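Two complexes come next, and they have one chain in common, chain A, joined by chain B in the first and chain C in the second.
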Partner chain A sequence: MSTGGRLRALRERRRLKLRCRQTVDALELPRPFDAFAFIASLARTRGRPIELIPVTDRPHTPCGLLVTTDRADCILYAADTTPLHQQHILLHEAAHIICGHYDTAPSATSAAHVLMPNLPPALVQRVLGRTVYTEPQEREAELVASLIRCRAARDDGLRPPALVPRNRVESLLSPPDGRGPRRG
Partner chain B sequence: MAPPEPTATPRPQASTLAEKIDALFRVVRRPSHEQFSHEEVAKACREATGESFSATYLWQLRTGRRDNPTKRHLEALARFFQVPVAYFFDDDRGAAIAKELELLGALRDAGVRSVALRAVNLSPEGVGTISDMIDVIARRERGGGGTLGSGD
Partner chain C sequence: MVHAVVELIAYVAAAVLAGFGGYRVLLARGSGADPAQRYVCGFALCLGVSFVLLTPATLAWLDAVLPGVVVELAGDSVKTAGLSFLALLALSLTNETPYAPGGVAAGPGPDPVRPDLRHHVLVAIAVQLVSAVLLLGAEPSMRGGSMAVHGPAARILLSSYDALFTCYAIWCLLVLTRVIVPHMRRAGPGPLRFGLELTTAAIVVGALWTAWSLDDVADVLAGGVQDGGEDTLSNVLGVICAVLTVSGATVTLWGTRLATPLRWLRAHRRHRALEPLWSALHAELPEIALAPGRPSRRLPPWRAEFALYRRIIEIHDAALALRPYHDPHVASWIADRDPAGPGGAVVEAAVLAAALENRRHGRRHVDDPDAGHPAPTLPGTIDAEALWLVQVAEAFRASPVTAYVRGQAARTALTGAARED
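Coming up: the complex of A and B.
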């Protein structure tokens, strides 16, 4: 990439980060943070149902799947995984909803290519009338989800869960007792 | 013989020419959601190939009364419905495309507007699982209920 190209990419990344941070700062987060409660309040605010559908015993399942229908948004999530992982999954899919990704109609697709690799994106769009998500939208959703987690952790007085290895979760989520989180 | 009735059970894989053509008409429709008429499709194919191709003949192909289309007819059909020509000419790829068309139809029938997927290294089993899941959602949307535990 040329220098000009690199600078443009850098500026675009900064703009994206700023947009996402503004989006997240405007959200109302339940305290202490709970992904289920957060999504319930999101649905109430939007006046449109968000159904959470747990899926178990499917080892080849993608972690999360968001299906937007005429009636509701349905998030399928792997339920037989750690609570922290579930939270990641739910927040990622909720972030797509928050960012209003389904309102746009880009031609390149991400999920469509995975689910229907032999069908041209134009056909998918023609049949559905809408679209599936692009790579930039996936990145934006991931960023918004991360920022929600970080803000929730700050609000609740904890270290950001994204930085925490799985086996440290219990100690970090217990109430502060003056000793601070265990290290090492 | 009338065209096959739509059923609630999963459709058999489109393998015959008639089934493949029927699947195209069922899944890829006019913006109004009505199926394309045989005349509309036949006309477009006539214009694309410069060959004769009547609505009646297309109906005969779709219902299995005839099974001798020219290569150019099939290419024109594939182009009209925006599927790869391999749909008609390659058994393996054709079967894969047929399966994906059914999924696409199920998505549309469920009123699905968009799909987002968070997955890393999705295996073929994983894609099959997603199809199952979307089928469950489709049935729920139609009021048929459905569960998503093991064995479903």
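Coming up: the complex of A and C.
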């Protein structure tokens, strides 16, 4: 790649990161964080159900898949991996919904047929699979999912309730602006 | 040389206590301030002054100006006053209910000028007066930094003076322990609990420091002589006690400021520890990486947490992508080598190493029912998975079991390929 091409790619990556950060900053995350609760609240906000379907032992299909029908969004996710990885796959597919991605990849469509054989193809409006990050939509969804989980970990680590003194013993150990019991 | 260093540290500790006491004075000025702040402040300032007065260098320097016994009495009196402030602090907090998770937060207790507080002020004054009578009654003389008395009556008076201080100090520390420990046990994890733990540690060291003065009782009864001021061990214990006290009382100030850089540092270390495993997987499966190309060698600290998270996810993605290459023989190869049996980080590392070898040689085991490998049961946190994967990465890099399995997988793949040819 030429220097100009590299600079353009770098600028594009920076723009994408900034856009994703702004998207994630605007989200309300449950505390302590739970990916299932987050997706449930996303469904409530959109007024459209999101069904979560665990899938195991499917080495030839993407580990996550978003299938949109006229009635609901279905997220198929690999359940035979670690809990954090499962959460991340769920967040990746939820990120497609948050970002409003719509382009359907043919490979993802065939995977959807394998995993949901009873679903008539005519009802399927969109299929997105978590595969490789050369696709701009996949890269954006992956980045948004990663930023959501990192922000959630940071927020959970702050533990503000434990810093608020709840009696005079704790208020003696707290910063002067800690809102604890005072005398006088 | 050691004495000089310890004395210097004692002066520094006195300065720290004075600074801490001054800070507490500022906090105690407001009309709504908790009176307990004044007791904390009084304790810190008194302990700081006693450090200065009872350090042998100060005693030697004041020897020309004041009688040694007077300086000794002044230092001990100030230290006893510090202990009285500690007891007043504990008594003023005795009605505070420890926080119970899910329970109702405790409100302020009754008026701090309670009868038991007034009684204790009288006890503190009585201890001071009796101490002065006992010491002056013994008529000690200072000789080369030591205090000497003559006659059995004088020995009893001076040893009673030491014993009174020790008993009073232990009683004050016990009263404080009874208040602090229940709060510490009920506090949830976090800086407040850490502060209470440091305070409890300070009380334990304070008790040891106090108990050390019992050697003076024995020395006086046996030979009529005791060390003037604080000896080296006393100074060391006193300094540790002061550091723990100030650290415990200010932990919420520095604890929260330190938390973020410490988190970055931990993430940076774990990111580096995952490098061998991630690199091996990335070399075979470059599509797992979100960022194209090789990662930069210099990772800024503020990006370490995100980079660590990406590395964890990319390793798991690679593990999923390698499932068709999981070798059904790994369990039997490990059974020969690993007496602990399957389920650990070594097994996970061996499974990945064999799968990588199989992928390099194009050997899939997707239709073999024994080739599967269950995911480990972990809490769904970045911390837990990072810790687990660091162990896997270490086993992947250095375990002889992994090296053996890797070799076996490569040999089997080569033998299989030769047979097919």
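Here is the rule we use: the second predicted complex is superposed on the first by the 120 of 184 C-alpha atoms of A that agree within 3 Å, B and C clash if a C-alpha of one lies under 4 Å from a C-alpha of the other, contacts with A are read in each partner's own complex, and residues count from 1 in each chain.
Everything that follows uses one rule, which is that a residue touches a chain if its C-beta (ideal position, glycine included) is under 8 Å from a C-beta of that chain, and two chains touch if they have at least 3 such contacts.
What you are looking at is a predicted structure, and each value in this text was computed from that prediction instead of being measured.
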Practice item. Please indicate which partner A:P83 is in contact with in the superposed arrangement: first for chain B, second for chain C, both, or neither. Key: second
Review point. Does chain B (first) or chain C (second) touch A:G157, or do both, or does neither?
Key: second
Exercise for review: Classify the contacts of A:L143 with the two partner chains as first (chain B alone), second (chain C alone), both, or neither.
Suggested key: second
Practice item. Scan A:A37 for contacts with chain B and chain C and give back first, second, both or neither. Key: neither
Check your understanding: Between chain B (first) and chain C (second), which, if any, makes contact with A:L18: first, second, both or neither?
Key -> neither
Exercise for review: Figure out whether A:L10 sits in contact with chain B (first) or chain C (second), or with both, or with neither.
Suggested key: neither
Review point. Can A:V55 be said to touch chain B (first), chain C (second), both, or neither?
Key: first
Practice item. Check chain A for residues that touch chain B in one structure and chain C in the other, and list them. Key: 57, 60, 63, 132-133
Practice item. Quick one: which bits of chain A touch chain B in the complex? Just the residue numbers, please. Key: 53-58, 60-71, 74, 76, 89, 92-93, 96, 101-102, 110-112, 114-120, 122-124, 126-133, 137-138, 141
Review point. Which bits of chain B are touching chain A when the two form their complex?
Key: 27-29, 31, 81-84, 86, 93, 96-97, 100-101, 103-105, 107-108, 110-120, 122-123, 125-131, 133-134, 136-137, 141, 148-151
Practice item. Please name which positions on chain C make contact with chain A in the complex. Key: 27, 30-37, 40, 93, 96-99, 105-109, 112, 179-180, 183, 187-193, 195-196, 199, 248-249, 251-253, 256, 259, 263, 287, 289-290, 305-306, 309-310, 312-313, 316-317, 319-320, 323-324, 366, 372, 374-376, 378-385
Review point. How about chain A: which of its residues touch chain C in the complex?
Key: 57, 59-60, 63, 78, 80-88, 132-134, 139, 142-143, 146-147, 149-150, 153-154, 157, 159, 162-163, 165-176, 178, 181-184
